[in-house]
């Protein structure tokens, strides 16, 4: 009897040690985010001002602002969304509501996982070969956005499918029993209850798209352009590429400038992520069943 | 006019249902006639629910479920019906698990009429009120028709499910153990509704409560472990006129 | 089939056709995933195939460290140094990331509860949100001087720098997937062990982790895939020397970074251009294989 108590005590002690160790590892993982944010804010905020956000780069990009890059990122994100959201939502609806349990469906799922795993530079090569050259869009917002769309398609599909699957099957069966078609069931019961989850996924997609550099480098984004883009066939500057340029390609840049660019970029991305998380938490509170 | 002279509303001949290698039902044949309440009794797991799912082709959604034999509604085989949605509209089903759709109570009951093209508010209002009254739910929800159906209590959701089935204005109503989620008083009220409904439609009542079958069904079938043991006039069966001893044992409560 | 009133009772209504049309439309959406993944392979092969049929020498490609496509007299395409560069950076990243990711996943999944758990998950997600170019920037401006000072070495853009950065980038994915793998282990397994008096840690170590091991392996594999394919961070933080590293403080060049750095200066269709596409084919094939392997492990974990 005493022996087992000894063992239990030892187990409890091991547990305490392990618990602290694991918590430490978790915190060490998260700490860098906070440190990075701290450094960026400390070194980058002196540069941030109204002019910085709304004027063009000057003096060989060693001074001035980032407006063309900001606008460019917006262009790229909007066009990429227009291309990827309809296709992604359709694919998710197919997988969640229509797809039979056969080999073709497994292949589609495999394709989605692989698409998500393709390196961003390979997406860039694909975009170059397909959109710029083969489809003759040239280096343009269109080519770059389509490349980004293909890259983020899995994100839209997976998050949309998850929000559709979250709707209980009992609801669908109740509708089918009444003679509703699958589309009628989706339209009246499933989709309205999944829209918020879909939005969460879209916000996430936006934040990923805004941060990508490699896929747009050879398909439509340029280091420096004197004019703002006027249509989808124009080239554009972009925030992510701009950070790369001012930190590696431009000589004599004042130290704070790249930090400012990084701060704005990270700020954009984190705000969107926070919005996505916030939306998710708010939704969880509004249970409808 | 005896039953033998009329065309059956529903005719099953040699119906068998299996899930993969497992046989749930074998060799089931019976007729159901217009304006009657037909009871199906038997212990849990005998295959009664599978039978109901085959009647309105819900087995289409389960690739492991195979249905053999012929199931005819008004003389036409259900399995070859081209527009399966119109088939399901004509058959109302109430399963034991109550389901309130995450729409308002009003919209729950207005869904089927809307899908059938009825748009006028006055018409929809009428259908909603009539169905909720028949399902013994109207009094409890009439002042809050915009409550979400999925947030009602279990018993209320079950009555809502019945109201939805009625809103289809079906020709035939299938009820599978509807009283499980409902209290005895409400069960009585719904049984009264069924008695008056049978003047207009046909009803198939699957129940574990043999006394309920006795109260409501004019003819009853006894299904045991996937086999149709016998079919007959309810009163005959209860008065000791069973052709099979298993039926008598079940009715007397020797197993359940 | 007609009812008594003569109206057809089994005709295909408008809603029947609409449902069919929707079915075909959404199928096209789903099928597009297959179209795109095949398309990627087709297009990068199309642009690179010329090189493979021409100046390509398998021995040199995989065996030589002389990558000099811009040389005037004899361009060479030895990719060995690039391959080893990628491998060394990814390897270091995994050494750094795997223990921490698994540790974090175990803590979040088995020990943390309620608010703490939610907060930790959100923070891990935020780690994943940081764009790769920002990570590269950090490697360039913060890690670089830090390494030079701490270890007293001449250059800070090397395997160590990009390895740590890559580790931090791959960690969130591995943590999330590992968490999912642990969550998929049924609670009944844990409850059975707890009923026998085991502590939380014993339950985790002896029940949850072994039961979820397939999913955990898949999580690590996908983390490796992520590291393999990362471009901007490696481009900016690993230096530009094309050689075989002998210590973590050596500069290297990865496959991805090479493509990104050199593609802009090539002429479409030239040997150099096609050689870069061939590097792309290599990357595609390797990450495809990693994903396939991960899928096999996930499948094994589902078969219970």
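So that you can tell them apart, the chains are marked A, B and C in the order they are listed, and the count of residues begins at 1 in each.
Just so we're on the same page, a contact is a pair of C-beta atoms (placed from the backbone, for glycine too) under 8 Å apart; a residue touches a chain by one contact, two chains touch by 3 or more.
Since the structure is predicted, the reported quantities are computational estimates derived from the model, not experimental observations.
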In terms of Cα-based centroids, which chain occupies the most central position? A
By CA centroid distance, what chain is farthest from chain C? B
As a quick test, compute the distance in whole Å between the mean CA positions of chain B and chain C. 53
Return the distance between the CA-based centres of chain A and chain C, expressed in whole Å. 15
What whole-Å value do you get for the distance between chain A and chain B if each is reduced to the mean of its CA atoms? 49
In chain B, residues with contacts to at least two other chains: 85-87, 115
Going by residue number, chain C touches two or more other chains at 15-16, 19
Of all residues in chain A, the ones touching two or more other chains: 181, 184
Spell out the part of chain A that touches chain C in their complex, as residue ranges. 8, 11-12, 14-15, 18-19, 21-23, 25-26, 28-30, 32-33, 36, 39, 86-95, 97-99, 107-108, 110-115, 117-126, 128-130, 133-134, 150, 153-154, 157, 181-184, 186, 207-208, 210-214, 217-218, 240-241, 243-244, 247-248, 258-259, 262, 265-266, 269-270, 273, 277, 281
Contacting residues of chain C [partner chain B, same complex]: 1, 9-13, 15-16, 19
Within their complex, state which residues of chain B touch chain C. 76, 81-83, 85-87, 115
For chain C, which residues count as touching chain A in their complex? 15-16, 18-19, 22-23, 25-34, 36-37, 39-40, 43-44, 46-47, 99-101, 103-104, 106-108, 111, 118, 120, 122-127, 129-134, 136-138, 140-142, 168, 171, 175, 197-202, 222, 225-226, 228-232, 236, 256, 259-260, 263-264, 268, 276-277, 280, 283-284, 287-288, 290-292, 294-295
Touching residues (chain side chain A, partner chain B) in the complex: 100-101, 170-171, 173-181, 184, 188-189, 193, 288-289
